[in-house]
Amino acid sequence: MTERANAIAAKVEAFVRTVVMPYEKDGRLGFHGPEDALVMELRAKAREAGVLTPHILQDGSHLTQRETAIVLIRSGLSPLGPLACNTAAPDEGNMYLLGKVGNAEQKARFLDPLIRGEARSAFFMTEPAETGGAGSDPSMMQTTCRLDGNHWIINGRKKFITGAEGARVGIVMARSDDGACMFLVDLPDPAIRTVRVIDTIDSSMPGGHAEVDIADLRVPADQMLGASGEGFAYAQIRLSPARLSHCMRWLGLATRAQEIATDYACRRHAFGKPLVDHEGVGFMLADNLIDLKQAERMIDWCAGVLDTGSLGTAESSMAKVAVSDALFRVADRCVQVMGGTGVSGDTIVEQAFREIRAFRIYDGPTEVHKWSLAKKIKRDWKAAQG
Amino acid sequence: MTERANAIAAKVEAFVRTVVMPYEKDGRLGFHGPEDALVMELRAKAREAGVLTPHILQDGSHLTQRETAIVLIRSGLSPLGPLACNTAAPDEGNMYLLGKVGNAEQKARFLDPLIRGEARSAFFMTEPAETGGAGSDPSMMQTTCRLDGNHWIINGRKKFITGAEGARVGIVMARSDDGACMFLVDLPDPAIRTVRVIDTIDSSMPGGHAEVDIADLRVPADQMLGASGEGFAYAQIRLSPARLSHCMRWLGLATRAQEIATDYACRRHAFGKPLVDHEGVGFMLADNLIDLKQAERMIDWCAGVLDTGSLGTAESSMAKVAVSDALFRVADRCVQVMGGTGVSGDTIVEQAFREIRAFRIYDGPTEVHKWSLAKKIKRDWKAAQG
Amino acid sequence: MTERANAIAAKVEAFVRTVVMPYEKDGRLGFHGPEDALVMELRAKAREAGVLTPHILQDGSHLTQRETAIVLIRSGLSPLGPLACNTAAPDEGNMYLLGKVGNAEQKARFLDPLIRGEARSAFFMTEPAETGGAGSDPSMMQTTCRLDGNHWIINGRKKFITGAEGARVGIVMARSDDGACMFLVDLPDPAIRTVRVIDTIDSSMPGGHAEVDIADLRVPADQMLGASGEGFAYAQIRLSPARLSHCMRWLGLATRAQEIATDYACRRHAFGKPLVDHEGVGFMLADNLIDLKQAERMIDWCAGVLDTGSLGTAESSMAKVAVSDALFRVADRCVQVMGGTGVSGDTIVEQAFREIRAFRIYDGPTEVHKWSLAKKIKRDWKAAQG
Amino acid sequence: MTERANAIAAKVEAFVRTVVMPYEKDGRLGFHGPEDALVMELRAKAREAGVLTPHILQDGSHLTQRETAIVLIRSGLSPLGPLACNTAAPDEGNMYLLGKVGNAEQKARFLDPLIRGEARSAFFMTEPAETGGAGSDPSMMQTTCRLDGNHWIINGRKKFITGAEGARVGIVMARSDDGACMFLVDLPDPAIRTVRVIDTIDSSMPGGHAEVDIADLRVPADQMLGASGEGFAYAQIRLSPARLSHCMRWLGLATRAQEIATDYACRRHAFGKPLVDHEGVGFMLADNLIDLKQAERMIDWCAGVLDTGSLGTAESSMAKVAVSDALFRVADRCVQVMGGTGVSGDTIVEQAFREIRAFRIYDGPTEVHKWSLAKKIKRDWKAAQG
């Protein structure tokens, strides 16, 4: 690991532990995610501490994925850490995408405020079943765009749009006759109406997850991101790094859950000895140690693949399945070790359990990844038959 | 199965499906459990439909445990069903205990309003770690009682007291020089102060789970339940049936989750066909079918043991572990099958997942039961050596 | 449970424990299953003890399936028990089928020697992949039969034919223009050539599992079992009871493994105390207790369904999956508890592990059953839509 | 990874695939492991191909552990590969130990023939329960040594001594008044009597696993390895690398099992399509892909820790648990994918399943490692409290 990454990671960890964690009982943690006032207050402190958007350097360059990993893991030690440090989803992935595909003008207008942590963004891709739209299967996308003079007109419905409420930058996917397209949009826009913010099991994302109706949204042609019909190709660019950065952040949170459960097990007594001295408890903590290490190793491996320039589609599927399942086991065991306290909001363990449950679904449920891995296994076998 | 039980169960199911389920989006479903106004409105309807407290007959007799099972399972098809039908914890267990141990006067005063569904009750046993008190290990109980003339004076702190807020009947455990004691208490009482209602992952219990401080609570001697020092023996009487009734109700809820997930999987398409036609999804539903059946069979078996008059301590431990773990797998798979919708509050599947997670903890975490089963295995082995 | 079944079961258990178990180190236990000389010696003792073919009564009637369960479970306490008592596969299933479908003459000639334990039989259904034949998917059957005067001429290849070597009675499946057919065949017959006896992980079946070539086998028309084209219907009759009887016997063996592992864990010390006092070990034994009980309950439930006259196809699939997976976990944990001794042939635990591994495959691998259950779930959902 | 290691690994893989694999049906593969004649024939070919003892260089230096990993993984692609290449247990660990602790004379006499692949060795540590001896808990060692003039006299009983039959070099552990000691012994020696070769589920180790009686074995004092009382320290040196090299070899074998199962699933049809197109099968192969990658990553990580000079006790415990459990899941799924063929000896998948089952026991069962990890977790927590 590079020295610069180690240094940044250490600074981030110190900041999260000393500055962010005390906010974990703040009154502004809402059911649909923390209020923006809280986010901005935390970011001011991060800016001051020099840990805001720590994975993107002053010169605009990005840490390698392996470097990013150790930084984002540390930012994840608190559910508020990624928000404070501006390493959270969906902004992190959106910044990555804009950095890769946006032109200079687009970057100045849409990307820079994101990097400065002044604005939040949303990625409008998934659609509701009711309209026959795209959930895990993007080929089913129903939202359309058509050129009308110098503008594109977009119509459709989107669901589970994280952070849409309160976002200032939107990336909207729709299909033209050429195929999928992406558009940069200033938010709010009256043509994008929040139908509702969905109640969900998780609660770490500001703005929650919204269902929105897009009716005759007019977007100037120069706000198309890249070229018409290339939307899925761009989505692919965003896909693996964004997927992997989820793994990083949640690994941080699961690591914290393990710290809390360990502390609990070492202090609390039952049946004549500390819980940790009961093998039934100690073995769960040992299993966690192993699962956390495996998650770390899978992330590091996949990050290394991405750093070679590969799209890493299969690798990030493998990492996502392995890490999300492992971290859920970890969180579940932490809850179990802590008994009644584990299912209470007294520690962030209960939240970690809920967040990581949702993580097994978003960015593609486990089953979708296994499905595509099975296809790849068959493909590779065929290729080997010559 | 008896005809009478089948008839009651069918009536309960019809009531829950037609009358209760429409309330599942009611505005009075709070974070700390449904409001009492809602509970009472539902109970009025249950009374009218003849399904209130359906497991206790007009003559005061109780259905057998095997009969109770099929009735309580049906009441559990909605998270609100047990509240509506007055088959919910902790009232159901408290009524059972009072029916077994209370004297005539105590029954008239404390039990009858419970059976009529007019009052709620709470069982004050578990204690916080901070005071070195009893969680899963009741031998650690710190709350004390001492006789002062014709009254007992009780002092201590209790934690995770389900439904304490809003309850009118309390059963308080404390230890005298003789050992553990139980007391019947009218609530509210200024000497029992709610320190806080704990935020927890579940949300089906009115009044939530409270931490309370008991300071010089004076209880008339004739409100002692049974005899001084016999508290643990009474707790044992309550233990297995109450544990098993949890299994029954949550089996109902998990069965409902499976219905919802099946419907979703049969309607929603992805990758060219209905989800259910993907083996990755269909196999999860098949696993659920098996787990639900196993849960039902374990409940029926354990109920049969209790019906012989046995305390069924080991048997109810086995059933609790098997059923809570199985139902959690079921709920988890239902969430997974439904993807984003599964982690949303759009259906009760998300709530089922949270409730059943908590169920793996209360009435003794899985590990405590395995611990006592392992002790029994050793004891039985020794006995067989002669 | 009936008195008669309890009495038979007790007699069988006593016989297996006292007479059969001492043979478990006999020199005639071959790699491809026990030698017939050993089987016949054991059966002579079973005959003498009145426990030969205990599930078929003197008057030719069969115990109910629920009764059969408790008898076959006890016979399974030793890997040699079912062979000794004549309750082993495939004879048990073949006798059942012949009892249901054979005519009087066929019963006298083919069934009676089986019931008397004087002959063994084999069921020629599954076929090798190499010839595109039927493994788990019977619709792929390639073996043909055609009428030639008063005889049927059968040609094909069969694989995994349990007990073919040494059998005196064969039931051969082949397809005519009408569909699948079954034939009763005297063995050995030069037209049925053993290509090889397959080396397999299990070793309890006399004759092992053979691959055979059938070349112009001539069978008199009156040796057709039932009618031409009805073969799959007859296979269905055999299917569920035979599947369930596997569950019964292996439950017996897993129960025995648990006895041995418990004994080991209570005697052997490590790290300062008996193994059983280590929760890591004690919890495994507790898990086994629960899994064994669940297996017993699923068998009893499915047997009850069959006793109503239902084919029980879905129910026996559910039971087979649940029981085979549960018993494998039990056997695996027993091995683990016993460490080096667990993977050695010093006790029957190691054999139980191997046998039950194979059990997860035969009579349909878990996945085939889940596949058909998923189909049923969809079918039931559709039916409910009206 | 270094170029030299990549080159060696490629050479080893080519050798194993082209030269060794054809021997997998050789008649000299015995129930208690391959015959030495076969081993020596294979080694002659390895010598010729330049892949004998490939992890120890001509100058006597040893590849790093990370380098060793990729070489040993490749050697493990066949159950015969490690024997052919002389990378098998227990020789590999014994060579490592002698290289670290032996003096020049001892190395010349005992180590060199091992490196040249001319001799096999055995490590006499574990003891039977019957004599109260050391299984997983080495502190229970009962075998004694006492000085008698210029010789040590050793008495005791050892069990599960892999490869003792046919070994020419023995390392014997016994305890003196100073503590544990290690001795180098020429074999065979009439004072070390093979009581029996234990029947075990695995069959890859020449000589199998023996139980031996040591009666007044006289060993010249200069054949003590290192110093008296330091035996456990030396065992520690051997421990982690030997444990990890097991992980390497079995990862190779599990990788091969996956190749075979994939090939089977891509060729064999059922229910209208190739098995691999059934998600129930494809998902198992995808799970294997992930498990194999995780195993590889854990090995690489732990090897890196050892390469820093650390004893890596906790790390190798973590790796051993993770890898052995993962590879067992892989092997089990391969068996399942292949149905009847999976439980047959037709491919090495069935053997892989048996070998890896045993691997979960030897070098410390999973539970012993979790036990020591739980202790470490507590220790680390305490240390962090300051």
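Note that the chains are named A, B, C and D in the order they appear, and that numbering of residues resets to 1 at the start of each chain.
What we mean here is this: contacts are C-beta pairs under 8 Å (C-beta built on N, C-alpha and C of every residue); 3 or more make two chains touch, one makes a residue touch a chain.
Here's who's who by UniProt: A, B, C, D = Acyl-CoA dehydrogenase.
Since the model is a prediction, treat every value here as computed from it, not as a measurement.
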What is the graph distance from chain B (Acyl-CoA dehydrogenase) to chain D (Acyl-CoA dehydrogenase), where chains are linked when they touch?
-> 1
What rotation angle, rounded to the nearest 5 degrees, superposes the C-alpha atoms of chain A (Acyl-CoA dehydrogenase) onto those of its identical copy chain B (Acyl-CoA dehydrogenase)?
-> 180
More contacting C-beta pairs: B-C or A-C? The answer is B-C
The distance between the C-alpha centres of chain C (Acyl-CoA dehydrogenase) and chain D (Acyl-CoA dehydrogenase), rounded to whole Å, is 37
Distance from chain C (Acyl-CoA dehydrogenase) to chain B (Acyl-CoA dehydrogenase) - Cα centre to Cα centre, in angstrom = 42
Cα centre of chain A (Acyl-CoA dehydrogenase) to Cα centre of chain C (Acyl-CoA dehydrogenase), whole Å, reads 51
Overlap residues in chain D (Acyl-CoA dehydrogenase), where contacts from two or more other chains coincide | 278-281, 283, 367, 370-371
Could you tell me which shape the graph of touching chains takes: line, ring, star, complete or other?
-> complete
Over in the complex, which chain C (Acyl-CoA dehydrogenase) residues touch chain A (Acyl-CoA dehydrogenase)? Could you list them?
-> 278-280, 283
Would you tell me which residues of chain A (Acyl-CoA dehydrogenase) are touching chain B (Acyl-CoA dehydrogenase) in their complex?
-> 31, 126, 129, 132, 135-137, 140, 159-160, 198-202, 209, 267-271, 278, 280-281, 335-336, 339-346, 350, 353-354, 357-358, 360-362, 365-367, 370-371
In the complex, chain B (Acyl-CoA dehydrogenase) touches chain C (Acyl-CoA dehydrogenase) at residues 262-263, 266, 274, 276-277, 279, 281-283, 285-287, 289-290, 293-294, 297-298, 300-301, 318, 321-322, 367, 369-371, 373-375, 377-378, 381-382
